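To keep things simple, chains are lettered A, B, C and D as they appear, and every chain counts its residues starting from 1.
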Amino acid sequence: MIEVKEPKKELPLIGTMKAMAVVAKHLFQKPVTVQYPEQKRELPDRFRYRIFLSLDDCVGCTLCEQVCPNISIHMQKVDRENPRNKRKIYPDVNFGTCTVCRNCEEICPTDAIYLTHVFETARTRNSFTYSPEELSLPEDEVIK
Amino acid sequence: MMGSHISKPDEHGWVELNMGPQHPSTHGVLRLKVKLDGEIVKEVEPVIGYLHRNAEKICELDYYCDSMIYFDRMDYVGAMNMEVGYLEAAEKLLGIPPPERVQWIRVVMAELSRIASHLVWAGAFGLDLGMLTPFFYCFVEREKVLRIFVEACGSRQETNYMSIGGVYQDFNDKLVHDILEFTEQFPKKLDDIFNAYVKNDIFISRTKGIGILEPEVALDYGVTGPMLRASGVDYDVRKAEPYLVYDKINFDVPVSYKKDNLARFLVRFEEMRQAIKIINQAVKKIPDGPYFNPKAKKSLMIRLRGEGEVYARTESSKGEFGVYLVGDGGVKPYRVRVRSPSLKNLSVLPYLAKDQMIADLVAISGTIDLVFGEVDR
Amino acid sequence: MNVLTRLADFFAALGHYPAYILAYLFETLFLIVFVMVSLIAMIYIFRKYMARLQLRIGPNRVGKFGTLQLIADSLKLVGKESILPSGRDDLPYRIAPIIVFLGLVMGFALLPYGPLYFIGSLTVTHSDVSLLLLFAALAIMPIGEILAGISSRNKYAVVGALRGVAKDVSFEIPMMISVLALVMMASAKTANPLNLTNLVEVQFIPYGIPQVIGLGVFFIAMVARASFSPFDMSESDSELVSGHSTEYTGMRFGMFYMGLFGSIFLSSLIVSLLYLGGYNGPYSGYAGFIFLIIKGLILVLISFTIWLSVPRIRIDKFVNMGWKYLLPASIINLIIAGVLTLGLGI
Amino acid sequence: MVEILEESTGKDGRRVLKVAKEDLVQLMKELKGQGFVHLSLITGIDRKDRLEVVYHLQNLEKNEYIAVKTETLDERVPSVTSVFTSANWDEREQYDLMGIVFEGHPNLKRLFLPESWVGHPLRKNYDISKVQYINMDENGEDYATFDPGDGW
């Protein structure tokens, strides 16, 4: 335990001026702002946002649907030949409610669903849900 | 604004004023029904629940491993502390203790997020008092902490970094290097922020001797954390009932006997300095080993079963954060109960703000350090 | 030779009176343009300066370095719908922002601006009691704020207006007493010390040096007059939402906003005129106006630093300060001024 | 002296006392006399056939943390606000979400939800598929409604 001492009492006005000097000192420091669309900070390796789905790897086990805390993932029927996915069900993701918790990526037994560095997504309110095919496409193709 | 129109004063000649839920100083969605006698606050009635999501019910409907993100969203400015609190309970209930390495990692992350939380508080408190600039210095520093979080787990605020029996992703040398770099430059910046506040006569006059909370009253209302310690009660869960590896770390608990706003301010700043001390020790001591308990393998995440009752408490940045878990042997918890420190600390506001001025009501509610995700849950 | 006579000469062909009427009209127009330009410059400087203090960049998208940002903002304010609260007291509610803005322009009109190169003196008003007129004009602005607070029928606004009254009462008297000391000192040198031009021109030594206490008291009073932090109790945004201007939107709010920044510039100019030698300086016959603006801008930057780094003082503490510290200090300053004038003959 | 029905140790190593609800206030008073000055948490648990209320108490000097349990069949439990002020909001919260009526509480109103909310969400038989919407009336008070058009 340590007792916190009250700071030394400053002379009236002198203390205020010292505090002002502390603030005014920052006038000569570089701004920290990043001008976003022109400048971009590099993303750390583990940064995660947009979910991708590899249609070839997905076995349709529904584990991601079960583990999703927000019920953002639902299994959809997709007519696609895949010997590993007999039931022909693939997950879709509603990015309106997705919290990017990474649980689906962690639990996926075949690493078919994974999160990526893509974060510049722009959708309207009615199209937050990405269908399985859209999940497997790059973002700029989806927006088209 | 609803209710802010002039109405007839009541029988005492008091005027009712409705501050919030959208008000610049209420840190979210606090609504205060205030009875005013001129400038003097005669009665305060906090009205809460505008951010209520009933996280307890949602946790009951989900698997044990899924509840983490709802705990992140309770104290969203210091999410790691919430995760530690939940896992303390869940791991005891499920019988999956984390490996040694994980415990040290969790200590580092919890203390980093304590710094992040206190920095938000310090900046917002300045805004409450009308200081515009130190807010930005606090957030510049906080951004560095959040950058470390992104590097560790990919998310800034709602991290979802820890999982039952471990952490999702391991520490690496770059992270350790970044954390050490941060702890090296942070104390100097912290002193700058500190001086920008306490050297100011007006700041001292706004905080000193205002909002005095006697220790008996504080305990009676269930106040914990920095507020309780600023009232002169030397109590910290990290010391009293050490969880993780806090008993192997050398740190001090700051206490003040002045009981006022200034004391709370000073205690929180000292806590940040102590947190740096803890991080510096813990980062260097992280042992090698697995970062995941093999009993909680990834594919088994949703099949964990727990039975019995566990109450675990941790020292979050706001105070004593308790999680009471009741399991019935199923894959989902039977009952989850959260003791949120902000809620208890808020309940003392009507007592503190009685017969103070409006300006002091704002200052006092600033020192309580409210985060509404946690109050309303 | 000043602007007025030059303009009158220009219109001399129209006869004596029409020429002077036109000259006054044009001069007023120039003045309003000057006020608007300085307001925009003030807000731009404030935003850039605030941004740099806060480790940001500030406006930089509209125009080069964001210089057109303010024009865009004012267009936005003009284009916005002015929402009128239903329970308002209509006439005071509507005229309150105009009163504030009018007080501001009148204050600017009464200042002596000093000579600028070949144009000559830029002073608009040539009155022998311009000092009195100036403080009369300054007293108009708070009336507008109080009217706004009371007429908009909002509890926050009423509390803000009440605070404004308490604030004005407590700094007005020390301010006037410290100005009295100035007049006392100037009266030894000039026959007409109430004329601002005379008051400035007798400052061979700026009055801020013999009257340090007076400068301090007057500067604090001027900061309180402009009502920014630490003395923005009447519109304290974290307590009373926005104080007296809570219920104002659109251009009406814009007038209060401009009133705030204008009065910062105005009070800086007044302080530099009264205490820092105004437009006196080397080659002041040619560049006096520039000296005045530079001194004013330095004071403006100091004011902004105070605004951005000091917390808001509590209203009762401020009233205490006004009556217990500022008033005695200003009286002491008056005595010192008396001693200096009569005893030492400075 | 209060009759303690059962004394056990929980999975977390904390002492658990079980009492009848009639003895609750008396026990709390005694515990407060023994130094348990901090009532940390009140939890209601819906056991389907009965409601269980758990009080977590803390003794700061001895550094001891215990739980007191009581049960009720008719949703009624005596309030302990007369002993601990901190029980005030906790009991309101449990009344709000769990529907436990604390007898003798000075101001037993809902804490989070508006007064007109139907049901208590933490009950096991609460139907979460019925959505309730919240709106505000002219006086600034909230009310709940089942009509989606009326809510926000």
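Assume a contact is a pair of C-beta atoms (placed from the backbone, for glycine too) under 8 Å apart; a residue touches a chain by one contact, two chains touch by 3 or more.
None of these values were measured; they are calculated from a predicted model.
Visitor: For chain C and chain D, which third chains touch each of them?
Guide: Shared contacts of chain C and chain D: B.
Visitor: Relative to chain A, which chain's C-alpha centre is the most remote?
Guide: C
Visitor: Can you give the whole-Å distance between the Cα centres of chain B and chain D?
Guide: 23
Visitor: Taking each chain's centre as the mean position of its Cα atoms, how many Å separate chain B from chain C?
Guide: Those two chain centres are 45 Å apart.
Visitor: Provide the C-alpha centroid distance between chain A and chain D, rounded to the nearest whole angstrom.
Guide: Chain centroid spacing, chain A to chain D, equals 38 Å.
Visitor: What parts of chain A, by residue number, touch at least two of the other chains?
Guide: Those would be 16, 19, 22-23, 26, 32.
Visitor: By residue number and range, which residues of chain B touch two or more other chains?
Guide: In chain B, the residues touching two or more other chains are 133-134, 137, 140, 196, 200, 202-203.
Visitor: At least two other chains touched by the same residue of chain C: list those residues.
Guide: Answer for chain C, listing residues that touch two or more other chains: 53-56, 308-310.
Visitor: Please give all chain pairs that are in touch with each other.
Guide: The list of touching pairs comes to A-B, A-C, B-C, B-D.
Visitor: Going by the contact rule at the top, pick out the chain B residues touching chain A in the complex.
Guide: For chain B paired with chain A, touching residues are 62-63, 65-70, 133-134, 137, 140, 143, 147, 150-155, 158, 160, 163, 168-169, 192, 195-204, 208, 234, 252-258, 262-263, 266-267, 270, 298-299, 301-302.
Visitor: Within the complex, which stretch of chain D touches chain B?
Guide: Listed in rising order, the residues are 10-12, 14, 16, 37-41, 43, 45-46, 54, 56, 60, 63, 65, 67, 84-86, 88-90, 93, 97, 111-114, 121-122, 128, 136, 139-140.
Visitor: What residues on chain A touch chain B, complex-wise?
Guide: 1-7, 9-10, 12-13, 15-16, 18-19, 22-23, 25-26, 32, 43-48, 63, 66-70, 99-103, 106-107, 109, 115
Visitor: Over in the complex, which chain C residues touch chain B? Could you list them?
Guide: 50, 53-56, 87, 153-156, 158-159, 162-163, 229-230, 232-233, 236-241, 246, 307-317
Visitor: Residue numbers of chain A touching chain C in their complex, please.
Guide: By the definition above, chain A touches chain C via 16, 19-20, 22-24, 26-27, 29-33, 35.
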